[in-house]
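Chain lettering (A, B, C and D) follows the sequence in which the chains are written, and residue indices restart at 1 in each chain.
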Amino acid sequence: MDKFLNLLVAGTALGSIYALVALGFVVVFKSTGTINFAHGGFVLLGAYLTYNYSVTWDLPFIVAMLMAMATMAILAVILERLVLRKLVGQPAFTVIMVTLGLLILIQQVQQSIWSTEVLLDDPWGTDQWELGGVVITQVRFFTVLFAAIVVLGFFLFFRFSAWGVAMRAAAIDQEAALAQGISVARVFAISWAIAGVVAVVAGVMLGADSASVNSTLSFSALRAFPAMILGGLDSPLGAIVGGVVIGVTEVMTTGYIEPNAEWLGQGFHSVMPFVVMIAILVLKPTGLFGSRAVERV
Amino acid sequence: MNQHVHHPARTRRLVRLVAGLLALGLVAAACGDDDDDATTPATGETTAPSGDTTAATTAGPGDTTTSGDSTESTEPPPDATTTVPAPVGDPEEVDGFDGETITVGAVLDQTGPLAFVGTDLLVGAQTYWDFVNEELGGIAGKYKVEIKVADSKNEAPVAVQAYQQIKGDVVMFTNILGTPVTKAMAEFLVEDNILAIPGSLAGEWVRNPNFLPYSAPYEIEMINGVEFWQTNLEGAGQTACTFAQNDSYGESGLTGLEFAAEKYGFEFAADTTYNSGDTDFTAQVTELADAGCEVVFSVSTPREQTGLMTGARSLGFEPVFIGTLPSFLSLLAGGDNGAAFANFYLVGDGGEFGDPEIPGMKNFLDRVEKYGDGAAPSTFLLTGYTATLAAHAALEKAVALGDLSHEGLVNAVQQLGEVDFEGLAGNYTYGPPDERVPPIESAIFRFDPAKTDRNLLALQEVVESPFAKEYVFAG
Amino acid sequence: MSLLEVREISLSFGGVRAISDVTFDVEAGELFAVIGPNGAGKTSIFNCLNGVYEPRGSIKLEGLELTGLPPSKIASLGIARTFQNLALFSNLDVISNLMLGRHHLMKTGFIAGALWVGRAKREEIVHRRRCEEIVELLELTPYRRQPIGTLPYGIQKRIELGRALAMDPKVLLLDEPVAGMNLEETEGMARYILDIRDELGVAMVLVEHDMHFVMDLADRLLVLEFGQVIAVGTPEQIANDPNVIRAYLGEAS
Amino acid sequence: MATDDTALRLLPTRFSRVSIGLVVAVGVLVPFVVSGDFWMTVLVSAGIFAMGAVGLNVLTGFTGQVSLGHAFFLGCGAYTAAYLGAARGWPLPLWLLAAGVIGGVIGGIVGPFALRLKGNYLVVVTLGLVFIGIHIFENWDRVTGGTNGTSTSQAELSLGFTDFRSFSIPGKDFSELQGLYYLVWILAGLFVLVSANIVRSRPGRALQAVRDRDVAAEVVGISLPRYKIGAFVISSSMAAMAGAMLGVQQQFVGPTSWNIFLSIQYVAIIIVGGVGMVSGAVLGALFLGPLPEIVEKYSDKLPFLYEVKGEGGIVSIAAFNEMLFGALLIVFLLFEPRGLAALWLRAKARFRTARSTP
C-alpha cells in the first residue's frame, strides 16, 4: 500500500509538471487554434533564464523567476507579433511548421549561450516530509502548489478579467469577437505572453525534477502532449486533469506494469502516455474536457 | 602473459582521474585508472610518454624510460615485443602525416546534450599536444601534432560517418566519446586496421588490437567495488542489487558484477536497467526498495544516477550506492542534489582531482594554465588529457619504428611496453592484445560535500580484489 | 416505363415528416423541375434520389430499384448531382475536376497509375476526350488549365455542372443551379441546360427557387409544400393551378 | 474535337523535355567529373533525402495529411536493410523491396488513424508514433541491436551483373560512393516517375480531391479510406526504402536517429521545395539536404562560426546549421509558401516571355 501511495504522490507530482507544460500549449491553442511547438523552447528558455538570473547574476530565486517570466512574456509577444501574426488564416500545417522552426531556433540559441547542463539554485532543496509512510519532497510539494496556483490564476483571469472574457469570446468565434470590438490581435498577444510566463514555472519545475536544467528540457516538454490531448486541447482544467492522469499512469506503469511485462521493453512507461493518447484520440477525439469540435471527418 | 615483473611497492598514486573521468561518466567514457599496485605485471618496458621533458625529447621508440622506480625487464619481451629496432629514418608520408605534421582524429560531441563533455575532452587533448609541440618540439622532437575533429552529435551513426570522412586524414583516433560510439566505430576500425583510443573503459577493448585502452576496465572497477563493499563496508550477508544502463556500457559493468558475485558467493536480489536519457526512475527505485536492497551497484551515467538517487530519497529509500567511474559528475551532485549522495561511493582511478602531490596532476594543472586558453581545469579536461598520454606513447613508438601508417600504429602498440600515466591512471602494459595487462587496482571515493565544486569526492580507500586478476578479458 | 419512377416516397426525421407520399416520373430527355418554398422538402427529395437518405417507398431507375443502395453505387448507376454550395476541388484545374466526375467510371488503381503505360494511359486518354467535349459544350475552354479556385462563381457553377455531366448520368440532379447568379449569368446557365438536353439528351431534375427560370425552362414541374405534392404538370398547367396560386401568390400577397 | 493529348504527357513542352534531359545527363556525368568524396557524399545524401521527400509529398503534398511520423518509417527501412541486407545477407533487390513492403504494411496499419483525425491531431498522433518507434527500436534487440545499434556495412549492394560498391565501365572504375550515388538517384528518379504518374492519373486526382475537400470527394464516389490509407501506404513504403538507403549510407543504424528532428527535416524539405509538387521534393532535397555539409566546408569563410569552442566566433557550425534550417523553414512559410518550385516556375515563365517577345 505504501508503494501505491508513494507512486501516487510521485505520479501526481510528475503529472503536475505535465499539467504546467500543457497549460502553456492550451492557452495558445484556446485563443489561436494553433499547437505551439515553440512552447517546448519557452520551457527550456524559462529554466535557463531563471538559472541565469539566479545563479549567474546572483539574484534571489524568486526575483530571478519573476524576471524570467517578464523576459519570456516579452519574447513571446515579440515572436507572436513578428512571425505568428503573419500567419493568421493559414492552414494549421503552416502554423505548426513555423512553430517547429521557432523551436529549433530557440534550442540552438540556448545552446549557444549557456552550457548544456546547469544546476538550478532552487530554494526548496531536497528537503522532504514523511506522512505515514509516504514521503513528500519539497520540490514535489511546490510543483503541485505552483500548478494549483497557476490554474487558479487562469480561472480567475478567464472568469473575471476583461481580457479573459475577450479571450473566451475570441476562442468561440473570432469574427463575432471582432464585431464586438475585441481586438483579436491583442488577445493573441496576451495568450502568448501567458504561455511564456507559465513556461518559466514549468521549466523550473521540470529542471528541479530532473536533477538539472539541461538542453533536453524542450524535448521533455513534448511529453506533455498526451496530457493536453487527454484534457482536450482547449481546456485548462482538462490540461490539469490530463496532466495528473498521465503522470500517474506513467508512474504506475513503471511500478506495476513494467515489472510484470518485460516484453513491453525497457522504459515502456515513457511511451505509455503516447499509447494512451492515441487510444483517446481514436475513441474520444475531443478529449475528456475539450469543447472545440475536433477536426474529424 | 609471459612474465610478471614485480615492482617494488610504489607510493600510491591515486591520482585517479576520478573526477575527470567521472565526467566521462556522462558518456560512459573511458578513463584512467591507477597503477599503483605493487604487483603490476609488465611484459615490456615502461614508457613515460609525457614524462619529463628531457626523457621525452630523447625518447626513441622503444626506449625504456622508467618512471620513478625500477621497472626492469628481467628478460627480453616475448615474441611480438621484438627487440627494439635500430632507429630508422623519417617515417614515410602517409594518411595523416605529411612529413612534418601528424594529424590525429577526434570523434566527439560538439553539439547536442553532451557537447560540454566533448568540448572539454578536446581542450584537454589540445592542452597536452600543445605541451608536446611547444616543449618537446613534437613527437620525436620534430613532428608537430594536430587534432582533426568531427562532430558525433551523440549519435553512433553520425560518428561512423564522421569517422569515414576523416579516417583518410589521420594516423589514428585519439579522442572518442562514449561506449556506444566506440562500439559502433569498432567494426570499421578493425576493417580499416586503424588504431583508436576507446571512448570507454569497457573490457571488450582490452584484447582488440585496434584499440589502445587505458585505465582499469569497468569490469575490474565493479569487482573492486564489490571487494570494497564486502571488506570495508562489511557487506557480507547484505542484500545487493544492480542498476545498469541498457547498452554495452551497462553490460560490461554487469559482467564484472556477475563475476564478483560468483567469486564472493552471493546473488543480486534485483537487477534494474534504464535507457540513457530516461528522467523518471520511480520504477527502478520501487523495484530496488521492494527487494530490500542495502547496496546498489550502479553502471550508469551522472544524470541518470543523480535522478535515481534523488528519486530513491524522495521515496524514503536510501541504500549505499557504489558506482562506476562514469556514474558521477560533481556538477550534478552539487547544491541541493548533494543530500541524495550521502551514501554514494565511486570506484575510480588515480587520486583526488587537483591534488598537486600527484606528479601528473601538477603537470596537468600547470599545462592547462599555460596552454588552456583560459579554460578552467575540469575533470573532463583531465580525461581528454590523460587519454592523450597513451596516444603520445603510441606515436613516439611508431615514429621510432619509422612507420606512421595505420598499420604501423597498430603494430607500434603491439611493441609498446608499460606506459606510465604519471599517476593520472594506472600504468598499463600494452604489447600484443593477448598479453595486455590493464591496471587492476581501484580507488574508492566517497562523496564529500565539503570538497570544492569541481571535485566533490574524497579518496576513501584503494582496493584490489584478490579476484581482479583472475578476471579473464575475452579475446 | 419511365426513366425514373418515384412512387410514394416518405421520409421523416425524428417524427417530423420531411416528405410524404411523393410520386412522380421523369421521362428520358425530360427537364423536370421541383419547386416549392424553403423547407418544402426539395433537397430532401434529391437526397433520397441519390441515396444520401433512405426513404420509404420506391425509386426506380430504368426499372431498377435504387432505395437502399449507397450513394456511390447510385452515382455509378447514372444519377449525378450538383450542389447548392459548390463542392469543387479548388486547387485542381477544370479538366481534373471534370475527370473526378468520371472517377467511378474509371478503374486505374495506385499500381496501374504508378506504372502509367498501358491501361492507365489508355483510360486517361479516353476519358479526357469525353471531358474535353463537355468543356467545349459548356464553353469552358479558356479556363481549362486554371486552378478553379481562382475562377469567378458563375464559372465555377458551370464547372460543377460539367463535372456532373462528366459522370455520364442518365439523370442529372441540379440543386439550385442559378442560386446567387446575376441575370446575365442566369440566362447563360439556362442556355447550357437547354444545350445539354438538346445535344446530350440527358434527363434533368431541377430544384430551384427562381420561378421564372424554371417556368421558362422546364418541360414539367412538381410543386411541393410541406413535403407534399400539391401539383404536377406543364408550366401552363402549374401557372393556372389554384393550389399553386394559393401557395405562392397567396403567400406573397 | 481538339483533344489535348500533350496535357497527358509528363513533359508537355519542348522546354521541359530539354531541361529534364539536361538534368539527367548532368546527373549521369557527375561522377565522371566530380572525384572528391565530399561532393559525392553530399549528393548521395541529397538523393536519399529526395527519395524520402518524394514519398512524404504523396502524403502531405497530394493528400494534405501532415505527418511528423516520417522518421519512424525511415527507421523501419533502415533496420530492414540492417537485418535482412546485412545480418541475413539478402540480395539488394530483395531487402530493398522488403523495406518497401514492410514500410507499406506499417503505413497501412497507421493510415486508419488518419481517417479519424486531421490537422493538429494527426500531427500529434504521428509525433507519438516517433516516440513509440524509438522505443521499439531500442528494445527489439534481436532485430535492431537495441540501444547499441547495428551495422549495415555488410549489406549486399550487388545486382549480380553489377555491384554498386564497385563497378566499372570500359575506361572508368567507380568508387563505392559513386555506385551509391547512381543507386540512390536511380531510385529517386523512379520515385519521382511513380509519383508523377500517380498524380496525373485517377488515383492521384482522387488524393488531391481528398486534400481539397474530403466530403465533396466522397460524393463524387471517391472512397476516403482507400485513398487516405493508400497515401499512407505509398508514402511510408517510399520512406522505408529511403531509410534503407540511409542506413546503408550511414553504415550504422542506431535507435535515436529516428527522432522528430528527422521528421521535421523531411517536412521542411517539401515546404522549402514546394508542397504538392514532385519537383519541389527533389529541389528541396537538393537544397536543404547538403546545406549543413556545405556550410561546414566553407565555414572558414564565415568568421562568426567556430568548429571548436574557444577558437573565436560566436556560434558553432552545427548550431548555426540548425538555426539556418529553422530560419529557412520560417522564411519560406512566411514569404514563399509554395517553395522553390514556385520560384522556378516563375523564372521559367519569365524566360518564356522573354523568348517569345524578342
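Annotations for the structure displayed:
The rule we apply is simple: a residue touches a chain if its C-beta (ideal position, glycine included) is under 8 Å from a C-beta of that chain, and two chains touch if they have at least 3 such contacts.
Because the structure is predicted, anything quoted here is derived from the model rather than measured.
Common partners of chain A and chain C, by the touch rule above, are D. Put simply, the chain closest to the centre of the protein, by Cα centroids, is D.
Judged by contacting C-beta pairs, the busier of the interfaces A-D and B-D is A-D.
Set against the Cα centre of chain B, the chain with the most distant centre is C.
Distance between chain A and chain D, defined via averaged C-alpha coordinates, is recorded as 33 Å.
Centroids built from CA atoms put chain B at 41 Å from chain A. Chain B and chain C have CA centres that are 81 Å apart. Among the residues of chain D, those in touch with two or more other chains are 138, 215, 316, 319, 322.
Residue positions of chain B with contacts to 2 or more other chains are 111, 115, 246, 275, 277.
Touching of two or more other chains is recorded for residues 111, 266-267, 270 of chain A.
Under the contact rule stated at the top, the pairs of chains that touch are A-B, A-D, B-D, C-D. Those residues of chain D whose C-beta lies close enough to touch chain A in the complex are 60, 64, 66, 113, 115-121, 123-125, 127-128, 131-132, 135-136, 138-140, 214-215, 224, 260-261, 264, 267-268, 271, 314-316, 319-320, 322-323, 325-327, 329-330, 333-334, 337. Residue ranges of chain A in contact with chain B, taken from their complex: 3, 6-7, 10-11, 14, 111, 115-122, 124-126, 128, 130, 133, 135-137, 139-140, 209-212, 214-216, 220, 250-251, 253-255, 258-259, 266-267, 269-270.
Considering their complex, residues 71-72, 75-76, 81, 83, 87-92, 95-96, 99-101, 103-104, 106-110, 112-116, 120-121, 123-125, 128-129, 132-133, 136, 144-145, 163, 167 of chain C touch chain D.
By the touch criterion stated above, chain B contacts chain A in their complex at residues 111-116, 246, 273-275, 277-280, 282-284, 286-287, 289-290, 303, 306-307, 310-311, 313-316, 331-332, 334-340.
Interface residues of chain D facing chain B in the complex, by the touch rule stated above, are 37, 41, 138, 146-149, 151, 153, 249-254, 256-257, 307-310, 316, 318-319, 322.
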